[in-house]
Structures are given as structure tokens and as C-alpha cells.
Amino acid sequence: QTLRVAIAANLEPVMKVMKADIKKQTGADIEVISGSSGNLATQIRNGAPFDIFLSADTGFPQLLQQDGFGIQPAEIYAQGVLIICSKQSLNFSNWPALLQQNNIEKIAIGNPKIAPYGRAAMEALTKTGIYNKLSSKFVTGESISQVNTYILQGAVPVGFTTLSLVKDPANKTKLYYKEIDPKLYAPIEQSMLLLKNARGNAAAAKVYAWFKSEQAKRILKQFGYHVN
Amino acid sequence: MDLSPLILSLKLGAVTTLILLVIGLPLAWGLSGRRSLFKLIIEAIVTMPLVLPPSVLGFYLLVAFSPEQGFGKWLHKVFDLQLVFSFKGLVLASAIYSLPFMVSPVKSAFQQLPVSLAQASYTLGKTRWQTFWHVLLPNIKPTLITAAVLTFAHTLGEFGVVLMIGGNIPGVTRVASIAVYNSVEQMEYATANVYSFCLLAITFIMVLGVFIYNKYQVKGPLD
Amino acid sequence: MDLSPLILSLKLGAVTTLILLVIGLPLAWGLSGRRSLFKLIIEAIVTMPLVLPPSVLGFYLLVAFSPEQGFGKWLHKVFDLQLVFSFKGLVLASAIYSLPFMVSPVKSAFQQLPVSLAQASYTLGKTRWQTFWHVLLPNIKPTLITAAVLTFAHTLGEFGVVLMIGGNIPGVTRVASIAVYNSVEQMEYATANVYSFCLLAITFIMVLGVFIYNKYQVKGPLD
Amino acid sequence: MIRVDIKKQIGRLEFSLNKTFGDGITLISGPSGAGKTTLLKMIAGLIKPDEGIIAFNNLPWFDSRVRINVQPQYRKIGFVFQDYALFPNMSVRQHLEYATTDIAWIERLLKLGRLENFATQRPHQLSGGQQQRLAILRALAIKPQLILMDEPFSALDQKTKTTLIAELQIIFKELKVPILIVSHNPQDIAGIYDDEMAIE
Amino acid sequence: MIRVDIKKQIGRLEFSLNKTFGDGITLISGPSGAGKTTLLKMIAGLIKPDEGIIAFNNLPWFDSRVRINVQPQYRKIGFVFQDYALFPNMSVRQHLEYATTDIAWIERLLKLGRLENFATQRPHQLSGGQQQRLAILRALAIKPQLILMDEPFSALDQKTKTTLIAELQIIFKELKVPILIVSHNPQDIAGIYDDEMAIE
């Protein structure tokens, strides 16, 4: 029997690497369902048969836990890093000024309501005081991977996304980016939750535990996440 | 490469089209007859899914069938039937969603037939059903085939509803249209291309086959 | 509450339907005539969008019209036209996407008309166009109206393509189907309800109007 | 024997009739637009009279007072439509096979209508007269208990018509049923009709 | 004057004709299925002959050797179809208005066909004879340079037919064009046709 792991979109590049390792270490085959954290949380609320939920924030898993969808309290497994990113070699040293230039017609961000990376981007933009000025330029992606698509296809000149995009060895596109000053946004503390669907399922518990293993942390680090 | 999304899509399309042929044809026929307030209302209801964006339909299905509450909970408890995040649910949703694509064109075609055809059949002692099968249906065959193809294709193209109540579960609800979306999101453009191409190729051949069949129906030397 | 998604959807539906009436009717008419390999191929191409899941179409449009490369770059430079993340882009996508919903039923209806109608018109000295307007088109009116309604509705229901190339920009590309999806994702069920209901109400009234008009066409005492 | 006593408002036209038709041929004539077709359709149950009675062998088919209205299917009528009402999807033979399973009867009818060589052709591949003959054959195929023919010979040339009518007469004699023929060419069936009725 | 010298294979039937039709009425007769309708349609340009020549007043309409085939639109023919081919969407008056803008002419035709009282009715609301008269009026409406009538009186009763033909004759005289009438009832136009041709 396969396990279903719902992951926040920012984990997509990481997951490709993790999958093989999980199989090796725990013997479990996992099916990965990805989307924005908020979208997955809504699906779980409505009966989606997922076993483990890896969110891009802490809020969604905590709420689910409160409402009885989890088996045990949510745990943080990593801290994400927000970047500004482009296919063009733009000079990001003063990105707030850059974004206000006329030649930057569109800026992609994740949907702040459901994608934690989108929310982080909004916070950063608000803190630098340019969010309102730029409002006509925003293009909102359903999840952070849609933002990635927009950047990679050149549909937008610049977007806010996860560091794991540029750390992905599978990505052959040359990207230019800069990490956003962590002081500009609340830490992206990514939590996970063992869901009630996995009750009594030893394999699920094993895989859940794996995400806290040194091996998991090593892979997360490779992709630019902070782990403690 | 994982072929299951393609197979799933074709299966969904085929099952839905079959169900809608069985339900939709008699319905279309019934609606094509004399006007009455009752029929007008039925007709409006049948057409509803048409004006429903898939996300709206998905939303209401989610609310109705979510096993956490109300009707969905009851279904789950009593029949162990879960309609969200399951193939059965997709079939139900697709059938609702595509119903008007079967019914509307077929109904119009029935209306275009001269009444005397059915009358002639009745005088031969044939029941309404016999008349329907042997006289009316064969005479709207081009429209019938078109409607079936539209329905099948519309189901293959189903995306919004599936995204809403499908949950993207491999082998169960991850149909091809979702798989393409996913591949793109995961930057696996090659996979996206392959899925797209297969889908196109299969259905293109199917559609072309239907057209050729449709065109080369018996025609005489003076047509 | 923000009504712009509703207005945007209705506008998109109306513009697309209009464009497709202009393009689709002559096309359907041309395709309804004698068989030829050329027509068969055109017909297959017209039908392609039907078998294309919206996500596939959306992805290819994104690649084709991305302003940073190739064709999209050229369009952007020469015509200052950007088709991704713009209303124009949605219109183009919807027109492609809904084309077969206009063309297929209308084509079948033309094929069902007796040839002698057109012949009689020709002998009266009428051109092919006059015949088309005054004789053929009026005699497939029920199908025509059905096709227009199907097209309009299919466009309202457009979701996958918009999700891909729309970018969810309020007042520009956030159409109602997307707004509903978003509200649900955000668990704002009340908002989702309101949008869904408005959409239903508006279109239901519209559709019912069309039906009533269609039904109460001149009919005699013996029909 | 069929008794008809009905009223029907057709647009401006007030149609009413009270007459009993016996076995054998009745010629019905009357100017164009008098209501002949409408009469036949009312007898066949395809149009509903406003009021009155239609009774076949004393069995009520229609009675407005007691709301009886027997479905056309159960009236077992051989109806030749003025506009033929052939089935575009069926070949000549299929028309007859749809009406009856009696193969010998089908062969006899095909021969009667001189359509043996056209058995596989569809209506749109037939000439006007061939179509009309098919309409007649189809009506006879069910071995009806009442025959209603609406201008059944209008598209036939003299020779075809004469031989056809001669052969039809044999069949009519066999069937021994009331036969109502609407025709504006009484000379066509001159000498063979038993009764005559003019409308208006 | 119209010269017809053509060949056409119709299924098993080998149709060929070489004849010149002058002004005035030519009666065309022949058994059902002989190819009369097909002939008229070939003259009108609705069916293409396999080979041969059709020339109107020495103007070629069809010539297989030089691949001339004038479109039906430019032949200005008044064609009465055997199955009427009326437009279901148009009322009686609209049929005529579609063919001509000459209002006086329309009124005259309506009167000729006794259809003044049915001007707003659509074909399916007309009796068989009314439909046929409309088909005739529509053909005349364009003031044709050649008239082809395929069994134009088959659905009319004697009286209607006699008056109609008498009045048609006046119009035919005015128009002074060749008129080809396919009919299996020569007595209908007995005494008024100028030429006669039997097919097969």
C-alpha cells in the first residue's frame, strides 16, 4: 500500500531527491501530491485521503490539528528562504528600486492567502513600502511552482520564489537571484502533520519520522533550507 | 513514463460518454417535444451545468459530498461511498458537467426533424420507443456522433472540477489534464509534452475516424 | 463584495461568442459541404481544441506568447501586444478553446438540411452568401442558438487556461470561475457561494429566456 | 365501417363532418385547402378533433365527451401521406421490413410497386413517382384494417397509374376494409369506387 | 430557345437527349423514373451532365469540351421543384419578397395563386395544394427567361387547376420564354402546349 504525501509546492524539487531515499530507508512507496499549502489544507478538510502533510508554514497544519485532522501536534521540519529571481541578468542589489522601473512590467508572487511564500513576499514588499505602488504589476500564481513556471518561461521578468528553485540541480535554466533580507518577512517555518488517515499505519509513522532524520535534513540543506 | 493518467482520462471519457448516451438521448428526445412549463424547467436544469464554471460545480460537489459533513458523511457511513477524491466522484461530476453537451445538440436535431416522420411510424403501429430507435435516432446520426465526440472531449478536457474534488491522486484521480498541469509546475516540460502529444494523437485519430465515417455515409451518384 | 470577476466573466463570454459567431458560422457552413481531403483536415484542426485539455492549451499558449522569447517577444516589440496576463490573451484562448462548440453543432445542422433548399435559392439568382443568410441560417436557428449558448457557457466555465495564462489579476484576468476557486481554497465559502449564486442566477435567466424564445416561435394550430 | 362525426377549427376554417364510410373505396374530393388532409389525419389519430366521435366497427377511437382518444398505433391504419413522409435513413426494402416481417408479402408489394430494382435505394435516390409508390407500399405492408390515401397517385404517369390501380384493386378485395382515397382526379379510380364524398 | 444535347449516367440508367426547345410550352412526359426531373435539374445547372452541351439563345450554359458550366444563379430560371423545396422559415409573402422586389408583381402572383389570405402562413401551415401553388408563384416571381416546371399541378383539384392554368397562360404570353412542363396528365394543359416530347 502506498502512502500519500501532500507537499507544499516549494518542496517539489527536493521531493524528487527525497523519494528515492525514503524508499531505501523505510521501504515505503510514496505518492506525492503537490499544491499550495492552503489548497492542500482545504482538500484535507474535505476528506482528501492523504497520510502526511508537509506545509510551507505552521498555521495551516496547526489549524488542521486543532480541528482534529492530525494525529499528533505539527512539527517544524525546515525554514524556507525567499528570493527574488529572474531569467534576465538584472541587478538585484537595490531590488525595491528595480521593481519600480517601467521596464519591469510584471512581477510574479504566490497567492498570499494560500501560498506562504507569497505571503512572505507580500510582507517584504509592504515593509519596503512599495507594495501599493506596484499593485498593478502583480501576477499571482496558485502556488509557488506556478510562479516558478512564469519565471522560467519568461512570462514575467521577475518573481518572488523559493531558494530551492535555484538550488535544484535538475533545473538547467540560468537564473539570477538574490535572497531577500530575512528581517523583511516573518520566518517561513515549514511544519508537517501526520494526518488521521494514517492512524495505525506503521509505514506512515516511519516515513513521518524519516522527515526528521539527519538524512532528510542533509537533503533540505542542499536545497537551501535552514534546519536546526 | 507513467501512462496511468492517460488511461484514466480515456476511461473517464468513455464511461461518462456511455452514461450520457443512455441518459441523455431519451432526455433530449423528451425535451424536443411539445412545450410545457414542466419541460421548460427540466430543460433549464439540464442546462445548468453548462453555465456553471467547473470550479463552482466542484465547490458544490465538495460541499455536498465531503465525508466530513451532511450528505457526504451519511453516504460514507451507510454505503461506505466516498465521492470526493475518488474515480466514482469524477464520473458523477463529469456526467453532470457534460450532460448539456449531449442533450442540447441532440434535442435541437430532433426538433429539426419533420413531425410527419414520427407520425408515419406511429401509423405503422410502432411504439414511441421503436420510433425513437429506428426512425428518429438514425436520422440525426451526424448530430448524435458530434454530440458524443463533444461529450467525450469535454470530459477529457475536464480540469477545474477534478482539481477541486479529485485531489490529484495518482491512478485514481490524476487524469491527464491534471498530470500535464503538474508536469509543467514541476518543470518537467518533456513529460508535459509527451502527455499532451499522446492525448492529441489518440483523440485526433478517433475524431478523424468519426469524421471519415460520417462523411462516407451512403451517398448516391446525384448527390 | 467585489463584482469585477462576474463582470469580467460575462464580458469574456460575450466577446468570445461574438467573435466565434463571425468566424464559426461561415466555417461551419464551408465544412458542411461536399467532402474533400482539405476540408477533412481543416475540420480536424478545428476540432483540436476540443481534445486539448485546458491545461495543455494554457501551457502552450504560455510558451508561445511569453514576451521574453520568440513569437511573444516579436508581438510585444512590434505591436506592443502582450497576450499573457491580459484580457486580450484570455479572449484569444477562449476563442480557440470554444471554437468547436460553435462549429460542430452548426455544421451538423447544415448537413441535415435538404439540398433542395439551397438549390431553390440558387435558381432564384441568389448568391451563396444570400442563400446562407436568408435560407440556410434561419432554418437551423434552434441549433444556432444552442451553439451560441454552449459557446458562451463554455467560455464562462473556462478555468484551466485562465489559471495558466491569466495570472489572477483583479479586474483584468480574475474571472468568476477563478474567483470561486480562490475563495474555496481560502475557505471563504460565503464568498464562493455568492459568486456561484450570481453566476447561476444571471445565466439561468439568460438561458431560460433563450428557451422560451425558442419554444414560442411561430407555430400553427395543427402542430 | 367507420363513423365520423367531428368538428375542428383550422385557422379561419370551420371544419365539420358527419358521415359513415363502409367497406370498399370512398372517393373524397374537394378544393385545395378544404381540409381533406386534416380529415384523414384526424381519423388516423394524428390530429385531435375539437369535438365529436370517431368509431371504427362501433369501437370508439375518439369521443370528446368521454375523453377517449385511441393512440394511432392501435388504430392499425394504412396511411399514405400526401408528402410521403418516407424515412430518409431506410432503403426501400427496409421501409417494408420496418412495417412487417412477412417476407412473401414484402416481395409481392415490391413487385406491385415495380420497385424490385430499387430495393436498396434510399428515398433521396428515388424519383418522385418511385417515392410515391413506396409510400403506398409501406401503408399496405401492415395489412391495415382501414386505408387512408392522400392523393396517392398524383406523381404517377398514366400507364404506371393504371397498372398499379388494377393490381391494388386485387389487394383491396382481399383486405375487405374501408378505403378512403383523397383525389382530385376522380377519373383515376373511375368505375372502381363505391362511394363518393365532396368536402365543402 | 434552348438547345440540349447531353448524356448522363444515373445509376443503371443511361440518359441521353438531343433536342431544341423553342419559346412556348413544351410538354415533357415519360414513365416514372425515366429521368425527367434529372433533365430539368441539369438544364438548371443543379446537376452536372457527364458530357454534352446546353445552350440558351446560343449562349453556352454548359459545354463539357471547354469546361463551361454557368452557375444556376446566372441562368435566371423559374424552377418549380417536384417536391416544392419551399423555405420552412419564410411565410408565403416572404417567399415572393425573397425572389423579387416588385410589389405589384407580388400582389398579382398572390392573387393568381389564390393565396392572398395565406400570405403570412409558413409552408407547414399550408395544405398540399397551397404549397404547390406557392412553388409555382415563387418560380414566376423572378420573371425568368426560362421556366422549368416539374409536375406543377399534381396536387391541385380540377377547378383550381383550370383557373390557375388559364391565368398562367396570360403570364406565359407576356414573358415569351421557353416553358418546359413535366406532366403525366397531358389533358391538364391540353390545347395550350406547342410542342411535346416523350422520354424513353
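Note that the chains are named A, B, C, D and E in the order they appear, and that numbering of residues resets to 1 at the start of each chain.
By our rule, a contact is a pair of C-beta atoms (placed from the backbone, for glycine too) under 8 Å apart; a residue touches a chain by one contact, two chains touch by 3 or more.
What you see is a predicted model; the values in this text were computed from it and never measured.
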What is the chain whose Cα centre is as far as it gets from that of chain C?
D
Looking at contacts between chains, which pair has the highest count of C-beta pairs?
B-C
Measure off the straight-line distance from the CA centroid of chain C to the CA centroid of chain E, and report it in whole Å.
43
Rounded to the nearest Å, the gap separating the Cα centres of chain A and chain C is 37
Calculate how many whole Å lie between the centre of chain B and the centre of chain C, each centre taken as the average of the chain's C-alpha atoms.
18
Cα-centroid distance, chain A relative to chain E, in whole angstrom:
79
Any chance you could list the residues of chain A touching two or more other chains?
45, 149
Note the residues in chain C that touch 2 or more other chains, in rising order.
184, 220, 222-223
Residue numbers in chain D touching two or more further chains are 11, 83, 121, 125
Please output the residues of chain A touching chain B within their complex, sorted ascending.
4, 9, 12, 16, 31, 33-35, 43, 45-50, 143, 145-146, 148-149, 152, 170-171
Mind pulling up the chain B residues that touch chain C in the complex?
9, 35, 40, 43-44, 47-48, 50-56, 58-60, 62-63, 100-101, 104-105, 107-109, 111-112, 115, 140, 142-143, 146-147, 149-150, 153-154, 156-160, 163-164, 176-178, 180-181, 184, 192, 195-196, 199-200, 203-204, 207-208, 211-212, 215-216, 223
Residues of chain D touching chain E in the complex:
11-12, 29-33, 36-37, 82-83, 117, 121, 125-130, 133, 150-151, 154-161, 184-185
For the complex, give me every residue of chain A touching chain C.
36, 38-39, 42, 45, 87-88, 105-106, 108, 111, 113-114, 138-142, 149-150, 153-157
Under the touch definition given earlier, write down the residues of chain C that touch chain A in their complex.
62-63, 66-69, 82, 84-85, 163, 165, 167-169, 182, 184-187
